[in-house]
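Multiple structures are listed underneath, in structure tokens.
Shared between the two complexes below is chain A, which pairs with chain B and chain C, respectively.
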Partner chain A sequence: MAGADGDDSLYPIAVLIDELRNEDVQLRLNSIKKLSTIALALGVERTRTELLPFLTDTIYDEDEVLLALAEQLGNFTMLVGGPEYVHCLLPPLESLATVEETVVRDKAVESLRKISQEHSPVDLEVHFEPLVKRLASGDWFTSRTSACGLFSVCYPRVSSTVKAEIRQHFRTLCSDDTPMVRRAAASKLGEFAKVLELEYVKSDIISLFTALASDEQDSVRLLAVEACVSIATLLPQEDLEALVMPTLRQAAEDKSWRVRYMVADKFSELQTAVGPEITKNDLVPAFQNLLKDCEAEVRAAAANKVKEFCENLPEDGRETIIMTHLLPCVKELVTDTNQHVKSALASVIMGLSTILGKDNTVEHLLPLFLAQLKDECPEVRLNIISNLDCVNEVIGIRQLSQSLLPAIVELAEDAKWRVRLAIIEYMPLLAGQLGVEFFDEKLNSLCMAWLVDHVYAIREAATTNLKKLVEKFGPEWAQNTIVPKVLGMAHDPNYLHRMTTLFCVNSLSEVCGQDITTKHMLPVVLKMAVDQVANVRFNVAKCLQKIGPVLDSNSLQTEVKPVLEKLATDQDMDVKYFALEAISVLVLA
Partner chain B sequence: MENTKLPPTSPTSPTTGFSVPNAEKIDGFPRRSMRRARQRRSHSSSQFRYQSSQVELTPLPLLKDAAAGELHELFVQKLQQCCVLFDFLDCVADLKGKEIKRAALNELVETMATSRGILIEPVYPEAIKMISVNIFRTLPPSENAEYDPEEDEPTLEAAWPHLQLVYEFFLRFVECPDFQPSVAKRYLDQRFVLQLLELFDTEDPREREYLKTILHRVYGKMLGLRAYIRKQINNIFLKFIYESEHFNGVAELLEILGSIINGFALPLKAEHKQFLVRVLIPLHKARTLSIFHAQLAYCVVQFMEKDATVTEYIIEGLLRFWPKTCTQKEVMLLGELEEILDVMEPTQFQRVQEKLFKQIALSISSPHFQVAERALYFWNNEYILSLIEENCQVILPLVFATLYRVSKEHWNQMIVSLIYNVLKTFMEMNSTLFDDLTSSYKLEKQKEQRRERERQELWRRLEQESDRRLQLMQEASLNRKNLQEHHTHAHSHTLTHTPHDPSTTNAS
Partner chain C sequence: MAGVGGGNDFQWCFSQVKGAIDEDVAEADIISTVEFNYTGDLLATGDKGGRVVIFQREQESKNRPLSRGEYNVYSTFQSHEPEFDYLKSLEIEEKINKIRWLPQQNAAHFLLSTNDKTIKLWKISERDKRAEGYNLKDEDGRLRDPFRITSLRVPVLMPMDLMVEASPRRIFANAHTYHINSISVNSDHETYLSADDLRINLWHLEITDRSFNIVDIKPANMEELTEVITAAECHPHQCNVFVYSSSKGTIRLCDMRAGALCDRHSKFFEEPEDPSSRSFFSEIISSISDVKFSHSGRYMMTRDYLSVKVWDLNMENRPVETYQVHEYLRSKLCSLYENDCIFDKFECCWNGSDSAIMTGSYNNFFRMFDRNTRRDITLEASRENSKPRAILKPRKVCTGGKRKKDEISVDSLDFNKKILHTAWHPKENVIAVAATNNLYIFQDKIN
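Moving on to the complex of A and B:
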């Protein structure tokens, strides 16, 4: 082998290439993933002259191998000798940018974009830009698709003649015969516009944008909506009306719901991009239409944007616009036939109260909140409850609490445990906002009822919930309200409930502190060590291990140790195991 | 408490169509049964967006009562009448109008099918217009975002009572003996066909069935549109494979293609070979292969029967996209392979046998018994067996080690006994070779282990070497830096030796 003559640098490339050609795909993949190791061992020169030509010539492999290769090559600059030689990486990446599989191609383009930055301006024109041109005029759609992603990285750094060529190529691809290429071009239109000089944005980009936005395929048209945001940001305000708005208006009323959905989905960005004047005159009516769209998908997307849109309205006239133009639509959505629409609205509607202020909230929004709290769809109710904090700031939660309570109770007893689980998660938040008195009076019993739920996930969540409540209300509250109830369950005939006591102790001991734990919880736990169910006994051992750090050393030695030692001789092997583990963790041996 | 209002909102009410995204975030198990309950009731249609003001329909005289001179005029009037669309999501809206249109459509279908001479030139634009207005629409979003054609009930088109008649009329129109492609092409153009193809994405299987038959007829009669139709189908497939992974009509389009391929002229044009290699073969990658695999395999076999020289492309392609983890797909591909082998010419077989039997050996050693079983069934196929026998010298060494090992290791007794049968067959085919391989099995195994050790050694040395070089590079760059600092600052720094930090090694 090469090492024999004392020169490790002379690895025969053939041996390495065999590794890269191994019959087993997995091994081949491993080798490719360690390509940098091979390159390092070969040194920069042999990497350039031997390894890269091999890689370029043999690109026909499984997509997974190609993906790994495309990724590796993006980090290869140093391994071929630095920026001076980075163009050596272009041939293999060029081939990879033409393969069929999208993930490979995208990765190759990503790597090409990365190494384009490492090219000197001269190399960029001599090596990189010709590659982009070749790809852009390739026979098969894949290479043309890849080219779309490369224009914007070289444009800013080349001479004006080359710039003109690049613009020409981009233009051609925007009207390509295959929809795949037009989609790729449309999705890069915004990015390309950003690197162009303003005069060319106006002369070139706008016409391309207009053409793509009226493409025969809706999958192309909807991508133009995305580009619209970038283009509108680039143009001076006075040009927007003439250059962008006709197309945007048309998109908002497109016959395909996918395009309208896209407009709804990008509405906040569009709003920022076109500025307050156009928003007032154009976007408000467009938004009204989207909120009333015949397709639920579109309405839901628009409903999601209600709060953001209102927030970003110009402050003068904001209230009037909301009250006269938007609120009527919002009201209708509260009783929409589609639950997704309602629940999208429910997730943002509470945010309107901060914008509209106390009086409007009480008069106009509160009835809507109340209606949604009674919605047949639990998700809607949950979304309202999870956003209560917004309303709390404006009108205080008391206004709502009368309706809130039945809604919470109903969700708390929902037949679907997932719904119960969701409401439990909001309990600490609700408790914080409603205050300790209201909580004790109305909600405490619910929290305790969850502890004996027949679904384990609910009992578990209920335990965590108690801990969070104690964090909010303090140990004293815990001692008076929940600890007695929790400990009472230790005598329950159902062993699952007895175990819940232990789980509660596990999570409560730390927040309740040494005093409560030692005086109240520990005696109960110790008594359970003689439970007839082994599961309870080994959970006693686990529990003791868990609460050990909270206890003082005296009780550890005099009370915990004897019990654990007894459990360590239990006839059940699991009990033994956990007892011994506890002894060793607590260092009681 | 408003107890009276509770029943409809009660969460236990079985009619509550409840999807659980919020809760799913918590435990991530989608509840299919629940989604499906909702699915069954779903009907959808995007058709009626732009018809807010409804036109009141008045019944026209019956076509069969029309005087010969007035028949065409009345026919066109009925076509125009049928351009009015109705809202079927609201099932009680405008029942009278719906009935008038239904009756008119029925008459149109009937007349188109039975009266000769009805299809005169002025009827074409009106007929195409009526068809376009009714069937072309943006398909509604799927009721179920994760619609799985195998598991879920499809969303049915609500307007079907009318739509079906329109499709029926369309079919009679293109099938009509009076149909003249030279006239029709003015109206039935590329734009029209493109929209027709987009409709294949409909979830409603009834609609796809009509579309399939109609497109097939259009392809048959409109020669000028053929190339365009093929190109657009390619685009749909490429989008399906590489972009969206979603298109409901793949099976139907493949079915049409199956008969189109049958009609290809020989020798195959480059365009058609490209279609095979770049579109049909990659379709095997799709996650939802099972839905259209039968049609796809049929197309592939059609190609083989047309022109045996494509065999190598096909086998290489299938092996390239061979499923790595999905055993269900692997079983399907093995099935397809058997169909292919069944029509493979012996000379072609010899060109691909090595690659092929390496994969078959891998499939035999699959721990999934259905995969192993499917591969072993090849030995029950007489034609394949004869191919194997002719090339026993090549094939037996390729599969022997696997058969030997799996016969000792497989958990499933049925597989083991199938393998014994295969081994027995081989023994009968060529007992000398069989004995040679048996005796050299251990040796081969040892060789293999040695090779593996050598590989590991190679990598160990490589990593050492690359570590060493990395270190050198780091030191060099540090020296350079220090040197620069030396120049810029008046006083010199002592060179610090950098300890090698393995975390910066790319290889680690």
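Moving on to the complex of A and C:
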């Protein structure tokens, strides 16, 4: 492809190749990301014989470069000459699969899995499977952990003798000396089980699963819980009781809270995997125990699953199970000593009302909601308020409004500004649920009070909130209730409050429309152009720039233009700058 | 004279000494920690200047059968720099408080090093190949005419002299308000703990932006503070168990399975005080300066100012063995208090088979105790006896009036020469002893 006296099309490629070794990581990374361009220019032959051997030994580099390399090689099949030569990619990926950095190793394994699909069955046995074996029996545990992720992709496509070998390798890794490898094996157990023939699932996987689930390391046992989900899905219902349940029961009562936490965290998946009968007989009591666990982390994880678990219970008998077995535990959690538990519960408890229906909600759940609305921890109250819509559908919000209001007021005045910020964000939702009348009567004053909060983030959120409220209730409502109040602040002695007026105009002009903006807001803004504080003046310029598109051209020319021109001659640099910017953006020059 | 060190009788002999000979010792050169890796092939030291030096054991050579693997410098790097905390107006020293090796996971080696505030994970790796050949430069580095490129060159890897690189892989910062005194890698190989005066944090080795506080003994009112954490260590096999020692001379064993917070211990090791020996200094000298699990995981050893105690994990009310390190100092506590020596933090270590223990003393003396025979020995790390293979003579300190030949009087001990840090090879009788700025390596000579 190159001519005798040079080819300038080679130059960019030459730069890319040289930059593979540049001292600047960013340039190396850039080159690696364009590896396909380099390979294309070199052609398949040279890519195989020169580029790949070089890359195979380039594993000294920074993680991000190696990560990019591992990813590139997964898409390299065509660049080395197609599926026939795909095995040439194995050596560099093999060395990447042994580096210590987990992300790089995982990416190398991902690419290996990808290119395994491009191997012909023969190549898979000749090239790929030996690589898996090499990794599986490597000296370092990094290589053995990588092997764990590769068994499942070659197993379905090899002969039965090789299959037996693969099963043997997997068994060996499940009882490896290092916890790292056992963890890797445990986390791939479910995936491997899926590609195995059912007879081997029963004979091999179950014993490995049982062994891993009683490993001495907590971190291994907790991974077995995850495998439990996949294994249970694979087995016929009648085998579950004998093969899976003893282990699952044991895990739910493990001495280590981290294992029990895992069970709680995976509870919905487990529930689906074992089916309705076992759920009724086994999981319900197990769930009760988790909700009463002595470790708060476990209770919180279980509390998070309350709604999902109840939803997925078999419909016949669901209500009885919830009412007699679960609700008593839930009631206790409402007064838990740990606030994370309470707030986890508060984030899902409202969901129960749709499952239990109106009467039960009023009788049993409402007292709990009300108690949580009065909880000392603001997060609990917030979580209840943020889920009000679920209850609204079932019993209407009026039932709650008596308690709701004090809770909202208290949160709105909380000493922590982040709490105030959170409740502001729920205001539009609340306004929608409660309706305009209730809002005007009870909440409007709160929304206005936030505008003069001493924390900027709250004032800012309050302006955004007004915009959302106007979107809900319409411009007419805005004109009657909030615009006068907002504009009134233009005369406040505190310049920060005067600026809030401008910020509100910024966000309200669009939703209020041309009429209100021109008639009511614009005159006030224009008057503020002579404010004695420069910050106010340049915000007037910014504000005019913002609302300009909403105004008609007449008022732009006759009212806005003169004011901006005057501001453009202001003594203050910033005022000048923003005035000139506004003039140019609005094309008034 | 039989040595101490498990099994066969042998004598300790000099092998190597590292560090400058000058009388004038630079503060930065003072060794602050010594640690063998899991195989014993590498030995790391940290110093007050924030440097880490790693020694590698040479392969035993056939033509010199008597010389058994010497340790030579493998890599030296600056682990920590002095810093200044602007918010608290505090200087943060670069001194390396502890080094802990990670179990080897691939061809590279990894270690954790910490100063008072920040823990770093270092990778020490070898490189023996170098890429050669550029497209835009020729062999001499001159640029080529970019329009004269007729073909593309892919770099080729050529062998080169071995180069050892140390690179910081992770930095675990901003989790300790007080000074970090211990770090310990968990047997699950994915977490480690770090302890300061009042708190213990649990980290994941791959996650630097968060750690979990598992012990917090800070009282709501700091005026009620009566004890601090002095050392902490993970159990060598049970991933859920760790211990921490306190300035009151007690040790608490916690089980991480029981709860996410380990404020409540599951075992409490304390020896009732002997009222007859009570004095003004009792509390100070009972403070534990180091705690180490035995390799078997059955015992732990604690060092206080005057003694080493071995505890059976199954017996909380008293130690199973107590060894006096330098009982003759009991009469000198007053002057040791005045010169602050009483607050020295001596460390202790086990030999590979847990049959012997070693700890340091003053005057560059260090002590070894054989747990089976109950024999003990005092040896000295000194330049005077530093001929290769020279046998170390046992030392004796006399307390009475009459001084026998070869004995040293308590009053002539040099309290500026102290051996705080020692390490024992995990499999062999090779020990590393840090004496101020010098690192001595001794090994056994079988009779």
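Heads up, the rule we're going with is that the second predicted complex is superposed on the first by the 541 of 589 C-alpha atoms of A that agree within 3 Å, B and C clash if a C-alpha of one lies under 4 Å from a C-alpha of the other, contacts with A are read in each partner's own complex, and residues count from 1 in each chain.
By our rule, a contact is a pair of C-beta atoms (placed from the backbone, for glycine too) under 8 Å apart; a residue touches a chain by one contact, two chains touch by 3 or more.
Quick caveat: nothing in here was measured; it's all calculated off a predicted structure.
Chemist: May I ask you to decide whether A:T98 touches chain B, chain C, both, or neither, giving the answer as first, second, both or neither?
Modeler: second
Chemist: Answer with first, second, both or neither: which of chain B and chain C does A:R21 touch in the superposed model?
Modeler: Only chain C is touched by A:R21; chain B is not.
Chemist: Scan A:A415 for contacts with chain B and chain C and give back first, second, both or neither.
Modeler: first
Chemist: Contact-wise, after the overlay, does A:V126 reach chain B, chain C, both or neither (first, second, both, neither)?
Modeler: Touch partners of A:V126: none, neither chain B nor chain C.
Chemist: Classify the contacts of A:K34 with the two partner chains as first (chain B alone), second (chain C alone), both, or neither.
Modeler: Touch partner of A:K34: chain B, not chain C.
Chemist: Quick one: is A:E50 in contact with chain B, with chain C, with both, or with neither? Answer first, second, both or neither.
Modeler: Touch status of A:E50: second partner only.
Chemist: For A:M573, select first, second, both or neither according to whether it touches chain B, chain C, the two together, or no partner.
Modeler: neither
Chemist: Contacts for A:N75 in the overlay, against chain B (first) and chain C (second): which applies, first, second, both or neither?
Modeler: Touch status of A:N75: first partner only.
Chemist: Between chain B and chain C, whom does A:L198 touch in the aligned arrangement: first, second, both, or neither?
Modeler: In the superposition, A:L198 touches no partner, neither chain B nor chain C.
Chemist: Of all the chain A residues, which ones make contact with chain B and with chain C?
Modeler: 3, 8, 11, 15, 41, 100, 102, 140-141, 178-180, 183, 216, 218-219, 255-258, 294-297
Chemist: Within their complex, state which residues of chain B touch chain A.
Modeler: 1-2, 5, 8-9, 11-13, 16-24, 26-27, 46, 48-50, 138, 140-141, 191, 194, 235, 238-239, 242-243, 278, 282, 320, 324, 358, 455, 458-459, 461-466, 468-470, 473, 506-507
Chemist: Please give the residue numbers of chain A that touch chain B in the complex, ascending.
Modeler: Going by the criterion above, the answer is residues 1, 3, 8-9, 11, 15-16, 19, 23, 25, 27, 34, 36-41, 43, 62, 75, 78, 100-102, 140-141, 178-180, 183, 216, 218-219, 255-258, 294-297, 339-340, 374-379, 382-383, 406, 410-411, 414-416, 418-419, 421-422, 457.
Chemist: Taking the touch rule as given, give the residues of chain C at its contact with chain A in the complex, in rising order.
Modeler: It is residues 103-108, 110, 123, 125, 127, 129, 131, 134-137, 145-157, 165, 187-190, 206, 237-240, 256-260 of chain C that touch chain A.
Chemist: Quick one: which bits of chain A touch chain C in the complex? Just the residue numbers, please.
Modeler: 2-8, 10-11, 13-15, 17-18, 20-21, 41-42, 46, 50-51, 53-54, 57-58, 60, 98-100, 102, 140-143, 178-180, 183, 216-219, 254-258, 294-297
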